[in-house]
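For reference, chains read A, B, C and D in written order, and residue numbers begin at 1 within each chain.
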Amino acid sequence: MTNGWTDVANADVVLVMGGNPAENHPVGFRFVMEARRKRNAKLVVIDPRFNRTSAVADLYVPMRAGTDIAFLGGIIHYTLEKKLFHDEYVKLHTNAAFLIKDGFDFAEGYFSGWNAEKKNYDRASWQYDLDAQGHAKVDPTLENPRCVFQLMKKHYARYTPQAVANIVGCTAEEFESAAAIICSTGKPDRSGTILYALGWTQHSHSVQLIHTAAMMQLLLGNIGRPGGGVNAQRGHSNIQGSTDMGSWNNLPGYLKIPRANHATLDDWLKAYTPKALRPNSMNYWKNTPAFMTSLLKAYYGKSASKQNGFAYENLPKAGETENYGWGSFFDQMHKGAIDGFISFGMNPVANGPNTPKMLEALAKLKWMVMVENFETETATFWDAKKLGDKYYSTYKDPKQIDTEVFLLPAACFAEKDGTFVNSSRWLQWKRAALPPPGDAKPDQEIIARIFLRVRELYEKEGGRGARPLLDMTWDYTNPISPSLEEVARESNGRDVNTGKQVAGFGELRDDGSTACGCWIYSGSWTEAGNMMARRGQEDPTGLGLFPGYSWSWPANRRILYNRASADAEGKGFDPARTPIRWDGTRWSGDVADYKGDAKPTDFGAFIMLPEGVAKLFAADLLEGPFPEHYEPVESPVANPLHKSVSSNPMATVFKGPLDPLGDVKEFPYVAITYRLTEHFHYWTKHVASSAGLQSNFFVEVPAQLAKEKGIKGGDLVRVRSARGSVEGPALVTKRIRPLKVEGKTIYQVGIPIHWGFIGRTRGPLVNNLTPSAYDPNSGTPEYKGFLVSLEKL
Amino acid sequence: MQTVAKLIDTTLCIGCKACEVACQEWNDQEFTMGVFNNTYQTMPDLAPNFWNLIKFNELEIDGAQSWLMAKYQCMHCADAGCIAACPAPGAIMRLPNGIVDFAQDHCIGCGYCITGCPFDVPRLCAKTKKVYKCSLCSDRVAVGLEPSCIKACPTSCLTFGSRDDLKFAADKRAADLRKSGFQQAGVYDGPGVGGTNVIYVLKHADRPTDYGLPKNPSIPWTVQLWKGPVKLLGNLVFVGGLLAAFVHFIRVGPKESHDE
Amino acid sequence: MTSRRDFIRTGVAVTTALGFDLRPAIAAARELKISRTTQTNSVCPYCAVGCSVVIHTLGDKARNVRPTVVHVEGDPDSPINRGTLCSKGISLKEFIVNDRRLTQPLHRAPGSAEWKPMAWDDAVERIARHIKNTRDKGFAEKDSQGRTVNRLPNLAMIGGCTDTNEINYLISKFRFGLGILSYENQSRL
Amino acid sequence: MSSARVTRFSSAERLTHWLTAISFLYAGLSGLAIWSRRMWWAAIALGGGETVRAWHPIAGVVFALLLATMFRRWSAQMRLDADDKRWLAVSHKYAVHQEGGVPESGRFNAGQKMLFWLQSSSAILLFASGAVLWFPELMPRTLRLAAILIHPIASVASIGGIIVHIYMSTLVVPGALRAMLRGWVTPAWAASHHAKWFREIK
């Protein structure tokens, strides 16, 4: 979230799209109700289903899964056409005025630079027109046809209400009534927020979709403002924190994973330390060397010296274009290229796409370690044929599966201390309430014991790659079960010479004098103690920032980009809602996303970006600098905007024998998968309350489709995709409206997740159905909007 | 002592079922398996071990898709039908704070309260032969805590306080709703049973049955007739009969004996 | 179903935070089950709203008492949930104290159709040996162009999304120590 | 001598009567406890609230079954004839022992016959409504609502009748109690109270 849960109460308009917070984040949703009570805020819900959130919305508009970019693009068009955007904000805080190189263009579904043979883009033409200093040229009047503003206007001119309605499936009137409410926040004294979740991210074009939302919010002047922002609700308690700590392509703190061509630390720094693109750009990432060096120092301690490039060599390096994401490595596993697999609390058989392929992949492993609270479908995948009855009847017998499996019992949240980072980026310290049951152990002990034992083997026997392994620091007081307080102190960072905790990332150095495990967490455990355990109730701004409660990254800042809430002189756009104030010498209020004592005119508001302003036009993404509507990989219609380039040309789509795609003739309906409020993911089927309250898998079927098929509520139906099938009773409802797209009636079928073949209550795994199609930037699978058939049993 | 009450602003209810589970948890009730009935409401009805149910109702109101959700539990009536009907002394008490609480060890399981209740709330447990219902967490309230459902409610659809305060808040909320275009918005608090200590704000107060609430609830007339005129008449018959016999015996005496 | 009638005087001064006195003259008919518990502040492990919870455990932490959870409720100090919780959070007790929890390491041998309990030491030993073998087989110091890459392509790892930051940091050290690139968490799904 | 003793009730009749009376007493007293909290002492005396809840309906069923056998035995003898109707018209005279002009009675006088019919009809109502109240969880609400009114009304009628019956048979008519206890009356008693019957059996 750019803002945070408590801040949602400051909104005048709440757009819920690609999420269903009343269902999945009920407690977070209380701030929407608060906004309504306090500010008479309007709640607009755009969703394929009239869901729990819609039940209390001021306006609900139905849509076809996977057409969000068309909808939001339409709003961009509407905003520009009716001049409802926040003019001063757009000029001051975005790259609207930046000039783009000649040669950039968009035609027939492709941006300039498409290489039909390699099936990717040469992004050279997507760049700014730079002057001799390497700064982007600008036209403050926004009139130059090569400026971002004019190019954007041209790009979205096609997204008229009629065109949007034709793609999305609602009526043009419905679209316009939503647009009118959303665009009412373009005024300086109004703000609007967006709450989204996996309904936006689980597409083959999801990152572009978030980009569209960001563009819309920038045009309306809603970024950095209380009650504004683009807010991902996030689905797991520490999904934010675990992402902060790295993923396949990131080191902790969003430092990029080294590539094979970055042979030395200098190479890496050169590649990833950006240069300012405007004279007034603070370009905070210029400090990347300090962050990276401090991380290497934390990782490799005494082995990291200036002479050896802080042992940078130890880090694993990916090939230049290689992808080690979810889809890729499970595909590799399926091809037999992976021998071992370790999982800490994840259940890929249930939560990964294309379960039939997942089961085959796991059977090719030599060994697998699962660390869990409960038995999972993944841990017991080798018995899927029996436990999963009809769904995996052709799967191997256990005796044909040679994977050795270890299922290790872990302590649950209540039996461990440490921090979770919520979607507001708040790090909240929790304490252990009781010991784990039986022989279960806390995860830190499990990982430490394995790690230390492996190292012992290398010390004793030697072996390949011993150095990176032995160089890694593990100097905890109790190495076999490190105290999480000690680990938290390590991620905050310390001065290596004095041993003192650093107060913030501003103190990190690139000379090896500081060590810091995760630079964005600097400030979380300072010399003053554990900031994350704070329980202060004060809210001096009255905006719900609660600066003394827990600790928020970065730097305890509660609203990201808050400098953009004020104009060039530092005066808040809305005097009633100013998160930060400039008093002539320094900024007060929220921790300014700016230099604390720099004059408002010194820098651009977006200090993390080389531009110094926010990017309406972003060349960073793979499929184009402006988001374009592309159909899901499996779609019931060809893209009405450009039929020959229907879905995202850059989408990651696996094409193995177990990755079939379905055709609309055989699979005429659009399916979406989602959560229900009674359950949490695939865990609570073990919990009596959830298993009781929602014990049965079901399929939501539009009433009209049910009538066509002679299906009554409770009738058993089978949903089938090109990958697999699920069966359950039909919940026949008018809450899923049939849609008119290109003159054709489109039905959508809703499939809740949560069931599996292990638990107090059981049911089919819905990922039997989902395709091996992913977003190319993030690697997120397309769970919303794939094709299925439906039959009455 | 002030009367306590619960306000249910149904316009804020998202059917999250937190109140249902909070109630189960606090009262250490066993969770039972729900059923599928073509609705998100998987618990069909209240049960001896399930005292708090959100009813879901999908319908179209004035052509617009609606999904009404409302919590359903004991209403803690001022003029409580269960108390009126209950024969067992001490089994149902109306605490001075207005809570109508069942004391199961005094309950004889006759089930009259079920029939007496205009809201059809109490449930007889086949195993223990006792009747159960929401106690408004009298144990929590007694030590200054709010009822468990109210504490859990994420959207502040449920609030707890003195009845007067909540009635005021409810009236205001309904007036606000009418002002913002919901002509039929209103307060539902059972005047027919002397006022309930559970107060609802309904967007469509003209159609309470769509929320699963009875229209114009009152103690059933048969119960009223029984507890009123019939009981009076009966007492007259019983006492009068004995009295008449006594007077007859004194004044007239026995018949002449033909018994040697 | 509880039918305990013991009337406990909690000794709490009850002029309540609600601003009026709620003490019924007939004092509580039911005993307050959290009147003698140990309270611990924690955070809900489910979604990312980050609700604070208070875990009530039975026992005063004395040496010979094994605490068990009697109740979990929302923490009113949290500006996020202010004491409220959803249907899942409010039943966390059922998650923690659950007869389906794993309590000992289980092992499934190749080709076997059942779990067998395994001692921790044996499990750690075998896993460590597997990692070593896998690494000895697949670790790449150099790529095909002779560039130093120090990576381990034949071992994949996932998880951490419901574990604490600190454990995630330890996982990062574990995987970069071993050279694992193939690592994901729930954020991509 | 045998002529001094006229058999009024057979032992089967007496047994049935007293078993009916005992079950009635239990059902009636426990019913009264449920009728009014002021009568709750009766519930305590009869085994406590839960016991009363359990046994009252059982006593009711026993009562109803026994009453049914009495009905089978006596219903033919209980038909009102012309004399009975005249008897009823002047029953106020009977009540104050001015028996001149009161028609002679058969085995049962018209008052006893009326009691019989009153008990029989109220028992039907009590049985039907009682069955509904016995299993509230199985009964539809409308039935329960009706039963909760019918049961007390019928019981008022029934108990009211019994008060008169007990008073008459114990305190007003000497010899009546012995007739039901031991089964015999004196010829004089029979001639005086049930002249027509006495003539028939002589």
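Observations on the structure shown:
The criterion applied here is as follows: a residue touches a chain if its C-beta (ideal position, glycine included) is under 8 Å from a C-beta of that chain, and two chains touch if they have at least 3 such contacts.
These numbers were taken from a predicted model, which means no experiment stands behind them.
Taking the mean Cα position of each chain as its centre, D sits at the greatest distance from chain A.
Of all chains displayed, C has the C-alpha centre closest to the centre of the whole protein C-alpha set. In whole angstrom, the spacing between the mean C-alpha positions of chain A and chain B is 47.
The centroid of the Cα atoms in chain A and the matching centroid in chain D are 84 Å apart.
Mean C-alpha positions place chain A and chain C at a centre distance of 23 Å.
Separation between the centroids of chain C and chain D, computed from CA atoms only, is 72 Å.
Across the assembly, chain A contributes residues 26-27, 30, 677-678, 688-689, 693 that each touch 2 or more other chains. Shown for chain C are the residues in touch with two or more other chains, namely 81, 84-89, 91, 94.
The multi-chain contact residues of chain B, meaning those touching 2 or more other chains, are 16-18, 20-21, 24-25, 30-31, 154, 156. Pairs of chains in mutual contact: A-B, A-C, B-C, B-D.
Those residues of chain D whose C-beta lies close enough to touch chain B in the complex are 32-37, 40, 43, 49-50, 52-53, 95-97, 133, 136-137, 141, 144-146, 148-149, 152-153, 155-156, 159-160, 163-164, 167, 171-175, 178, 185-186, 188-189, 191-193. Every residue of chain A that touches chain B in the complex is listed here, in rising order: 22-23, 26-27, 29-30, 33-34, 37, 40, 50, 52-56, 60, 676-678, 688-689, 691-696, 698, 713-714, 729-735, 737, 761. Remark: chain B residues 1-2, 4, 16-18, 20-22, 24-31, 48-49, 93, 95-97, 99, 101, 103-105, 125, 128, 130, 132, 135, 138-144, 146, 148, 151-154, 156, 160-162 touch chain C in the complex. Those residues of chain B lying in contact with chain A across their complex are 11-18, 20-21, 24-25, 30-40, 42-43, 58, 60, 65-69, 154-157, 180. Against chain D, the residues of chain B that register as touching in their complex are 85, 87-89, 91, 106-112, 114-116, 120, 123-124, 126, 129, 220, 222-223, 225-226, 230-231, 233-235, 237-238, 241-242, 245, 248-249, 252, 254-260.
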